[in-house]
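Next come two complexes, and both contain subunit A; in the first it sits with subunit B, in the second with subunit C.
Entry: the complex of A and B
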């Protein structure tokens, strides 16, 4: 089990890698989304916000998220550090993403662009 | 009589059956759509296994290529593995030969693909041979793989970038349910109006639009005389393209009874003629067989 602080650190690592990737920022300029990241095994909620291609992270839940990402704390930490890809936990149900199919594909894509290969 | 059946995840409204004589042998070729129902497709494949001469998988790819790397679409593989006795193909083996040849044929016989021609390929990883041939001819290429499969308005402009992005993304994306990446079933009969508005300019800026017809159709805006290079078109599809304002239709596969069949069907026919496992058939053998059959691209003026 990971802690809330470890999830925060993984999200900040994800944000740093994202914001260093100019091509990825360009790809997402049209995709403004508020994403709730919620741990299923500990009280931990974070908000990822994409606006104009820039990604920000803050602690706590947003009022009206466009997407909700739910998994146990360990999976979330592994995911945002890039130790695992989202596809398999999504397919086996460990990772739940609530939102439109288009948005789910896009979120998967962002993660692969950061950590892929 | 040889029987070849294409089992498709696409709409059953496009089903058809023809009889055609090829190299002195009578073939019954039919297409059976399962309306995007994966389990129905598996059951149908199991029913046909051992009872027909070859099966084509339509509305889905099993193998995608970028450079020398082959990526296996997991859903496609599950369908292929449902068949144990009858040869089953997805058309990817033939695409590499037939669609390259189509590009070279158009260079020789038309002025559609002069160097610098702006070409939109709605998706290139399912037609890498065509993408490479267009690149060889010096066309100004836009690959729409991210735009039309992932909704990301990022045009890929070179083969190098296509291969680089494929290396990052495809090993994982191929594990997703295929319907998340490609229009299956009823989606093949409708247009995504929001994306038509958002991405239509990529079509309008091109002189030639090439690639998978269902993907192309789903996001196609009003055109202004563009050349369309594709296959699997029905008379209704031809009417749709005319109405949209396309200038020419080039189909890479021959027409039987008003239908241009998918490459999976033609590959299944060739496998039946060549009587070899598809993994052992070389591009040269496909090419030689296509010459014997006198298969040529079909050019249809639309305006």
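Entry: the complex of A and C
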């Protein structure tokens, strides 16, 4: 089980890598989304917000997210560090994503572009 | 907590019915009628629809348990293990590509029927290039447009059917004559093809307020489709001699010409295009996304997960589907084996429904924690669904032994692939991935 701080650190690593990628920022400039990241085994909630191509991370849950990402703390941490791809935990039910299919696919593309195949 | 955007029941019904309504379903509808003695196709179609209610109920329970776009891949993995889920999913996607091949064949023949100087192969290429182009650019039919196409098609097909029947004074010949139990069972078995894909609405579970909406949507879609197919098929058999319908790859075009003349032909071209558009949209996007997702989890080589930096779409997967789809369509065009694919799809769908019913039973035992929706009556509905669809699968295979052989060969090949190639791919590409988590130094988690 990972801690809330470890999830935060993984999200910061994700944010840092994302914001370094100018092309990715350019591609997402029209994709404004609010994403809730929630751990299922510990009390931990974060908000990822994409606005104008810039990604920010903050503590707590947003009132009306576009996407909700739910998994155990260990999976979330591995996921945002890029140690695992989202597909496998998604396919076996460990990772739940609530939102439109297009948004879910876009999120996976972003992860692919940050961390590679 | 509420999401910003959610889908309504109207769109769920439209998606479920839209995926199912295709040009090739007219061919299957005529095959259903061909098994029966009188104008009793409606009886077989309603029975197929009724049986699909059982399957829909099972999918509803699975969907309530795991509301995920991963669908059968996830349900079967939980119930029977990763390997079985992968074998069935890979084979199912291959059959879907075959259905798309048959669909493009029927559509091309329909267009050539209206515009004879353009050969079917040219239409096939035009359709594929257009659909692949749209798919690479990330443009798809969705939301209100999907609703408009599907509901418009259903209303138009019922109106055409009723108008044709009214012309003949609703004079049905022996509307209850099935020609015996064996004929009726075969008609019902092929009738399952008419509903192939209704359960593809399950991925919408992540976009609705309550998963119950998806269950209701699937049931409503099956009910509406039963009505539309019943009216239209009976109208076709009343207006056009049965032998003429059975020997044609475009029975709906023959019907339109007999019933309404040249204007009817052009109206039917429009309906056929609309029916195929929703099928291509769903089929090709689903298969390309499946290939992409499989590459992401190392079930296929990573090259298939390449994403277009311009359009945010998996272009290698899309082009792969294009190549396989065109090959399948040309194969169907050269061999004219579209009926074999229709029967193969009916058999595969029956197998998937059997497994879905068994998955409900297995998961109730394995993971008894309450889920959002449980089919009433204990094990009665899943057990009956499994038994009925197993019987229908047997009926399809008995009448078409080649279909049974293809299905077995497909299962054997995918099993070998999953047993030997997938572990090697996973081993190879996972070894290359290094842990960033262990390498990174702990960071203070100071956030706003």
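Please note the rule applied: the second predicted complex is superposed on the first by the 116 of 117 C-alpha atoms of A that agree within 3 Å, B and C clash if a C-alpha of one lies under 4 Å from a C-alpha of the other, contacts with A are read in each partner's own complex, and residues count from 1 in each chain.
In this section, a contact is a pair of C-beta atoms (placed from the backbone, for glycine too) under 8 Å apart; a residue touches a chain by one contact, two chains touch by 3 or more.
What you see is a predicted model; the values in this text were computed from it and never measured.
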Clash-or-fit label for the pair subunit B, subunit C on subunit A: clash
First, second, both or neither for A:66, with subunit B first and subunit C second: second
Partner chain in contact with A:97 - subunit B first, subunit C second, else both or neither: second
Contacts of A:108 with subunit B and subunit C, given as first, second, both or neither: both
Winner by number of subunit A residues touched, once subunit B and subunit C are compared: C
Subunit B versus subunit C as contact partner of A:30, first or second or both or neither: first
Subunit B versus subunit C as contact partner of A:8, first or second or both or neither: second
Touched partner set for A:41, first subunit B, second subunit C, both or neither: neither
Contacts of A:85 with subunit B and subunit C, given as first, second, both or neither: both
Overlapping contact positions on subunit A, where the subunit C interface meets the subunit B interface: 23, 27, 85-88, 91, 101, 104-106, 108-109, 112-113, 117
Residues on subunit B engaged by subunit A in the complex (per definition of touch): 146, 149-154, 167-169, 171-173, 175-176, 180-181, 198
Subunit C partner contacts - residues on subunit A that touch it in the complex: 4-5, 8-10, 12-13, 23, 27, 34, 36, 46, 57-59, 61, 63-68, 77-78, 81-83, 85-88, 90-93, 96-101, 104-106, 108-109, 112-113, 115, 117
Complex contact set, residues of subunit A against subunit B: 23, 26-28, 30-31, 85-88, 91, 101-102, 104-106, 108-109, 112-113, 116-117
Complex interface listing, subunit C residues touching subunit A: 1-5, 66-70, 73-74, 77-78, 82, 203-204, 206-207, 289, 293, 295-297, 302, 305, 307, 309, 312, 429, 433, 435-437, 440, 442-443, 445, 447-448
